[in-house]
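Some structures are shown below for you to check.
Okay, so chain A shows up in both of these, paired with chain B first and chain C after.
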Partner chain A sequence: MSDDAEPEDRPRPPPGALAGLGLGALGLLRAGVELQGVARRTVYWSIRGRRARGVVLRQCLEVGNRSVFFVSVTMGFIGMILVFQSGLQLLRAVPDLQMMGATFLEALVRDLAASLTALMLATRVGAGIAAEIGSMVVTEQVDALRMSGVDPVNHLVVPRFLASLVMTGVLIVWAGAVSFFAGCATAYFMFGVAPRTFLNPMLVDGGDLLTGLTKCLAYGAAIPVVSGWCGLSTFGGSEGVGWATTRAVVNSSLAVIILNFFISGASFLVFPP
Partner chain B sequence: MASPTDRSSPPREESLAEELGREVLSVAAQAGGMTVLALRLLRRLFPPRVDGPELLRNLHKMGVRSLPIVGVTALFTGAIMVIQAGVLIRRYGADGLLGWGAGFAILREVGPILIALMFSGRVGANTTAELGTMTVTEQIDALSTLAIDPLSYLVLPRVLAMVAMLFILTIYGDALALVGAAFTGQGLLGIGARTFFNGLVEMVKAWDLINGLIKSVGFGVIIAVASTYYGLSVTGGAPGVGRAVNAGVVASATGIFITDYFSTYILR
Partner chain C sequence: MAGERSLEVKVGVLVLVGIGILAGLVLVMGGLSLSRRFPLLVDFNNPGGLQTGAPVKIAGVRVGTVDGLEFRGSRPDPATGRRSLVRVRILVDERFHDEIHDDAEFYVTTQGVLGEQFLAIEPGTATRPVIRAGSVAEGVDPPRIDLFVARAYALLDDTVTAVRANRRQLGGMVDDLSGVLHNTNEILHRNGPRIDSILANTDQTIRDADGLVVSARERYVDGPQMRRIVNRAEAVLATIERDLPPLAQDARALTGRLNRIADGVGGEAQLADLRATLRETRSLAERANSIAGDAQAITTHVRGGHGTVGALLMDEEIYDDLQELVRDLKHNPWKFFWRE
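== the complex of A and B ==
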């Protein structure tokens, strides 16, 4: 993953190519070890830990309700763009657009709704989590937690993790619906495809649903863990918070893309078309 | 409805209309602020008043140091597009169309959008953080006091570097995404790279590539203006910088999709 968390203007001796490669590999390894530590502690404390009532609910509000507007706007535009673009292309190859809605719905269920919404959430929620936890780190609130014998992962990351696990799924379903109906309207107004024809769930099968749901869970788990890790590894003052937020956005987007690759590949092999 | 016993409770809840109105006003203020910033930057371009060394430093920092992240994103994106197109290709048994299906989507939409999103996360957020830190530590005010124009010295070089570098990175990313797509087509679908690139060259026109690149310039402008605007308007110390970065990336992402929607209509 990226190593932006260093002041970039600090003069340092230029490492040779090999040394640079080695430094990069070591940094990557260290990041991996830290990330898996945070992930393990998150899962452990999710099962074993106890939380005050309402903590997870408040995070659900933060992760879920506060993202609804942003996610609806972006996914609505995505639906319109995709249908418009694919309609133009389809008209080049085949004259009728009967199956456009069915294909679009299948693509949404299997991949697009989950992955694009998750990319949006990686931006909004991931940056939010890292900014919040990062500010707590630089104002030494996290050290205070540690001093009182509380694992910061349990207190800070786990509520966000649980909230995100639930709300990411909910938001993905909502965003998929928004995107589909925006696409439906575009198909009607631009290509004259009747909504009745467009709303065709014929191509969606169990494999598609299972793939989509797996992605919901995987993204919902990955975003808070990755950005929580970025937030907790903040150092330095307000600059540090900025860098941590940057890293959270980049790394959680990257996590979504890489997870998408593996889940899509696995689903292609498990449910061959 | 408020009974007398409620008097001790904190200020009454806002009605939906109030909340909505405040929301609309703040969105309008932000959009207006960005427009004003863009205009002020534009005025400094004729004649160009840019700090040269700062521009070069930013070009290097934003371009060269983003290569790994853009490369990884592009490779995986190409692979994902082939996996998604593969389902349709298998269903209709049309191997020759893979290059068209995946290539068209990559060059025209997915490549520019995903690279812009990653760029906004890496470079846009970094710029907001950097300018935000300077704002809260009053370095920008110090520049103004020294009669150095912060817009020409700090902001314009970053804006120009972002636009130029996103354009170049999109070319690089498109190429890598096609390589990733060709490899995945071979590995997963058993469709050779030759068939893939034949389909690509035959069916995809140069206009599709140019279209994606024109969009990338638009995305670059959006990311640059949004990230510098939120950086310059930070208030409230370290938490403020975090919030500004958050708002900046959200605004960039929204802007990217809205720009994409309209450019898809205009540039058919």
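== the complex of A and C ==
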């Protein structure tokens, strides 16, 4: 607010390289602190808070059911593309596609289903959450909530967080199945691999399943928290809402990728291949 | 309220579908089988990359799964007495039980070119009894490609090092070998007819030797002479076999008698008499020897024509004189009574 107090006729000199670096670092640090504050409050209100009946359910419908078509189409095509391309590459190395289904299933369970679906959800759900909360911020509804003694995180982020925690997992499992069966059809029609041969769970073990489920939970938690933080930190008018939406998609996707890196690394250490 | 209920149903269906797919994956991953299974234990020293959950197959058809692997170390199994590092527990569908016999073979093999390893069962001989559930079998260890590659690498490395270190000697050796081959070729080329002749002679010699062997066989192995010798030997052996027991019996009886005689002259007095007798006998023998010497000397003397008897026996003139005398006395008996 102090920036707004400065007179308009005294423009600030542009920061030097070092000052720019420091400014960026400080901004990143501030963002990290704000994000962890939102995350901490989200977890706190998820445990301690009370919600009106049906609020979480409506968010479940919004996050889950209304994403089914989008996720099914994208993951179905991704499954087909992955199997087609990997089949072509595999045929160059060995003329044997018996294990293609098993390796594809392992990759889906361990990583691809969760990460790709989460990236899709980051675009759809993250953008929706940020736009909704951001517009409430710019229309000062959030301020009204604060004045009423209600934590906006409890009221706006927590229902989406709980809904996402459940429905992201469900959507990832569903999308993984769609992707696998789309890949199975591609393998059958393009390479003549029988569905019974393709449906080979031999390479999937408990470690793969646990890694996949951990990613489901992590992405389900990260997307609404990051998007909610982006929405709550909206400033300006309708243009600010647009920026908040963009930041929500970018930051949620980044969160998915970074979490994927760390969870995959931990999984590699705990369940070595 | 109806809208709320519809919303709940929609979300509930989606959650149920998700849980169903997840449960299906877990069941398929765990080798879903509704049939009963029986356990078998297979010992390996190195089961390669076999993992828990890997399929068990007979002739390429899945019949069960690997339930677990236990590292046993080098301690011997009290039941079998064998030492094997790893024991693999497998679960096989009960409907395949009758197909696996007690001489079945268990080995680890690979599916496809890049595939995972699985445990294959050769069912064994159909006439053998069916394998017991829970019994311990000895598995055939998979070939150690890594070990083979390591050893082959070491061998190649040694070979290359040796070749590099002895390049000059090897070059000389190859040159010498080439020279030897060249000379040999020249000798063969120059002496072609002689070599042909040598070979022909060798061939003839071999044929002769073959004929010789055949003749020798006919004569000494299959011939009547050898058969006769064998028959005689058999007869001799039969005679020995027949006569040996009575001979042995007689010898035993003789020995018994000699023992009894020896026992009879066992007294000190008799032994003293025997010794005295022997001494006298020796003295007598010495005297006889002396007499014989004297007689021999006399005979030699007589043969030499010495002395009266010698002259009488050996001198022809005396014999003639005596013969003349006897003839004269026969014709003139009066000369016996005539005295001058």
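Here, the second predicted complex is superposed on the first by the 259 of 273 C-alpha atoms of A that agree within 3 Å, B and C clash if a C-alpha of one lies under 4 Å from a C-alpha of the other, contacts with A are read in each partner's own complex, and residues count from 1 in each chain.
Basically, a residue touches a chain if its C-beta (ideal position, glycine included) is under 8 Å from a C-beta of that chain, and two chains touch if they have at least 3 such contacts.
Since the structure is predicted, the reported quantities are computational estimates derived from the model, not experimental observations.
A.B. asks: With both structures superposed, pick whichever of chain B and chain C touches the larger number of chain A residues.
C.D. replies: Partner touching more chain A residues in the overlay: B.
A.B. asks: Classify the contacts of A:Gly237 with the two partner chains as first (chain B alone), second (chain C alone), both, or neither.
C.D. replies: first
A.B. asks: Looking at A:Gln36, would you say it contacts chain B, chain C, both, or neither? Reply first, second, both or neither.
C.D. replies: neither
A.B. asks: Based on the superposed arrangement, let me know which partner A:Ser253 touches: chain B (first), chain C (second), both, or neither?
C.D. replies: It touches chain B, and chain C stays clear.
A.B. asks: Indicate the residue numbers of chain A shared between its chain B interface and its chain C interface, in ascending order.
C.D. replies: On chain A, the chain B and chain C contacts do not overlap at all.
A.B. asks: Inside the complex, what are the residues of chain C that reach chain A?
C.D. replies: 4, 7-8, 10-11, 14-15, 17-19, 21-22, 25-26, 28-29, 51, 53-55, 111-116
A.B. asks: Going by the contact rule set out above, which residues of chain B touch chain A in the complex?
C.D. replies: Within the complex, chain B contacts chain A at residues 61, 65, 68-69, 72-73, 76-77, 79-80, 83-84, 86-88, 90-91, 104, 108-109, 114, 117-118, 120-122, 125-126, 128-130, 132-133, 136-137, 188, 237-243, 245-246, 249-250, 253-254, 257-258, 260-261, 264-265, 268.
A.B. asks: Flag every residue of chain A that touches chain B in the complex, lowest number first.
C.D. replies: These residues of chain A touch chain B: 2, 4, 8, 70, 73-74, 77-78, 80-82, 84-85, 88-89, 103, 106-107, 110-111, 115, 119-120, 123-124, 127-128, 130-132, 134-135, 138-139, 237-246, 249-250, 253-254, 257-258, 260-261, 264-265, 268-269, 272-273.
A.B. asks: Spell out the part of chain A that touches chain C in their complex, as residue ranges.
C.D. replies: Per the touch definition, chain A meets chain C at residues 54, 57-58, 60-61, 64-65, 68, 94, 96, 98-99, 102, 109, 166-167, 169-171, 173-174, 176-177, 199, 201-205, 209.
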